[in-house]
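Per-chain numbering from 1; labels A, B, C and D assigned in written order.
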Amino acid sequence: MENLGLAQYSQEIQDKVAQARQRVSDLHAELPRWGLVVWTAGNVSERVVVNESGPSTDDLFVIKPSGVRYEELTPEAMVVCDIKGQLIDGDRSPSSDTAAHAYVYEHMPEVGGVVHTHSSYATAWAARGEEIPCVLTMIADEFGGPVPVGPFAIIGDDSIGRGIVETLSNSSSPAVLMKNHGPFTIGKTAEAAVKAAVMVEEVAKTVHLARELGEPVPIPQEAIDSLNDRYQNVYGQ
Amino acid sequence: MENLGLAQYSQEIQDKVAQARQRVSDLHAELPRWGLVVWTAGNVSERVVVNESGPSTDDLFVIKPSGVRYEELTPEAMVVCDIKGQLIDGDRSPSSDTAAHAYVYEHMPEVGGVVHTHSSYATAWAARGEEIPCVLTMIADEFGGPVPVGPFAIIGDDSIGRGIVETLSNSSSPAVLMKNHGPFTIGKTAEAAVKAAVMVEEVAKTVHLARELGEPVPIPQEAIDSLNDRYQNVYGQ
Amino acid sequence: MENLGLAQYSQEIQDKVAQARQRVSDLHAELPRWGLVVWTAGNVSERVVVNESGPSTDDLFVIKPSGVRYEELTPEAMVVCDIKGQLIDGDRSPSSDTAAHAYVYEHMPEVGGVVHTHSSYATAWAARGEEIPCVLTMIADEFGGPVPVGPFAIIGDDSIGRGIVETLSNSSSPAVLMKNHGPFTIGKTAEAAVKAAVMVEEVAKTVHLARELGEPVPIPQEAIDSLNDRYQNVYGQ
Amino acid sequence: MENLGLAQYSQEIQDKVAQARQRVSDLHAELPRWGLVVWTAGNVSERVVVNESGPSTDDLFVIKPSGVRYEELTPEAMVVCDIKGQLIDGDRSPSSDTAAHAYVYEHMPEVGGVVHTHSSYATAWAARGEEIPCVLTMIADEFGGPVPVGPFAIIGDDSIGRGIVETLSNSSSPAVLMKNHGPFTIGKTAEAAVKAAVMVEEVAKTVHLARELGEPVPIPQEAIDSLNDRYQNVYGQ
């Protein structure tokens, strides 16, 4: 794949790219740590805003190279793409999921990070095409309602990206379960998207276990709204 | 949040706080070690007795700051609150579960440590609002009977604390499964409460597995009482 | 507990005890490594043969002290008991399961090591009082048939020991699932008993998973016998 | 077992054997890392091509010794066999599964590596004699269709090898679930076979979880073919 290079960008942008390479490289280590991926599966990306006015279709993003094992992932190994998924900088081909990440950055300017895994429990819900019901305070906190299912889509063109954007644009959830495939998560930063990937697997597992032996108790809608509002606006430092 | 400071307390109390900070920081490492938490979820606290006459509403407690990741948890990062959950010392906001911990310390003077997690199997029972039946010698030993369920309660006010206290005051169990939420455990020390958190997940998992393929054999009540008596009074050094 | 001391034994026996302390200490690390125990649960012991003529009721055994955490287990922390479970050497009380280990050494002279855990899947079968059927070549290899269930027994007297001996004396299996309690395993050495503890959890898990979605295919009895004969007599170095 | 020695081979072949010993030793560490094996179970082998014209029945392969624990596995501990499974070089007996590996190398010249485990979820499907249906994009990618079941076969003669070859010769899958036994996987290299062993456990687990709570949505055959073609021909560097 042709490598267009970063020379056309200012030193400031090149510095932001270098910092994003470091963060994205570090965050990939979280995926095996929390048991979300095996072998080379899964990927994290982060948007680099190019214009001072804010996110635009001029933006770049940093993403994992294709088919490289987790212990070989260094900041230098990460690749840089433009908003259409074209390779801008890096020695290797970008992840085969790059088109999906690019589509999200192009159509959701508020998104600063995207993560994709095939974590087992979340993917099991995706295989049945079944949303995860909001029966835990942790789901109300993090997702504000059920974790939705996105359409079945073939890998390679932008049909996965479209499915993600259409599903998440109508949801308070930062996670979508792509049918027969696995979860994609978004966040204001790559770290927030990684957190959502960890959390969607955790709640997918817990509700799976609850359902194996009966029916979880529903949480009233007003309690869901109250929990989500508090968590999104009060929690943390 | 305003920081009232420890200067009003004697050097002896300040030393006890420093020791509790160390213990509570160390004990947080047990939560990911035993697979009880992901990301920043879960928290451990320990009471610091202020009066020579014993536990009182003058006591302090040390707790995890809110939304901080486990690898950043040092003794210095821990925060100190009074029995009403007001911040006394620390650079960060206390855990969003602080009100629940405070309520337990205020109303159960025999409690020296409190732990909260969303560990998967225990939370699955909590999602169904179903107590864990006493069908293992380990449950008789540690819990003296079934692990009870507490009411559904909104996070933030003292309704969680009240639910914990009301449920555990009528039980030999050091663990309560708060409905749709997860387990809270108590102990004479923070270490004992952490042990109860580890054990409640272990028995929640084992009875879950047993129930998946049939019905566990009940243990006669007199055997439960005999096991619990022996364990609580003879076991250990 | 009174400490009778090792001074009455020859230097050769004292050296054998020291070696057994090292082995038993090392082998305890295998229990958390393979996920068989949490906190202080579980214990390993090894027989020390005292008479030149072979195993007898004069023998000693080395076992874990009671209620001590795995990271504190050193060769020096291990305790030495006689065949009646009386403390001979060590600064701490022996495991609360000592009477069961002692009973096995007294009544099964061919046994050189005993292990007890509450590993989750094996204990789930024990909670239902259900033997693990021999539906895997690994079970035929290691156990020579189903893994049997032993009676419910109260901890503390020798009723657990009697249940283990009665069940394993009539079985090719080195593992017994004590009802509502958990697995005990035996071996010619403590290492062999630890291996059996690892293997019984592995097959308990695999057959559990198989049964969750249907019925495993039975293995013909002559194939079981052939597999077990080959494995016990040919396998290894 | 008689050790025929490597002296009859050229220095070039001896160098290739040394490199294969290193790779096979390193790859064994992947089996416990991904939770595929316990204790000494499981083995990896790699073909060493002897003739310049390509794979032939003159080839050698490097394999794990029998009954040796994973932490003792060094390049020097590996053993070298000829295509009939006879020991050529090494201080220990080859794995008890050597005959099966040898049969595959003899009858499938395109195979450069073979792996065998008893990983829990894959073996659970094998215990029921049930293929893993292709209901995930990851299965379409890696296996090109369902993961097939091979016949029940006694260990020791070449009946396992024949079952593997007959099943995989009629399948796009690099993995076969040998009935009541466990998975065998093949690849162009030992690393590719290890990857297939990791992936078959991952998909066995995910489809197991999906099936526990309902029926996975089927993927249309043309989508399976399209995914597999893209993955096998485009993915990676």
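Remarks
Simple rule for what comes next: contacts are C-beta pairs under 8 Å (C-beta built on N, C-alpha and C of every residue); 3 or more make two chains touch, one makes a residue touch a chain.
In UniProt terms, the chains line up like this: A, B, C, D = L-ribulose-5-phosphate 4-epimerase.
Bear in mind that the values here come from a model prediction, so they are computed numbers and not experimental data.
Counting hops only between chains that touch, subunit A reaches subunit C in a minimum of 2.
At the subunit B-subunit C interface, residue numbers used by both copies make up under half of all numbers present, so the two copies contact each other through mostly different positions. Look at the CA centroids: the one farthest from the centroid of subunit B belongs to D. Separation between the centroids of subunit A and subunit D, computed from CA atoms only, is 33 Å.
The distance from the centre of subunit B to the centre of subunit D, each centre being the mean of the chain's C-alpha atoms, comes to 47 Å. Listed for subunit D are residues 212, each touching two or more other chains. Arrangement of the chains shown, judged by which pairs touch: one closed cycle in which each chain has exactly two touching partners. Those residues of subunit D whose C-beta lies close enough to touch subunit C in the complex are 38-39, 41, 65-68, 92-93, 96, 118, 120-121, 123-125, 127-130, 152, 154-156, 179-182, 208, 211-212. Across the complex, subunit C is touched by residues 34, 135-138, 195, 198-199, 202, 205-207, 209-210, 212-217, 219, 223, 226-227, 230-231, 234-237 of subunit B.
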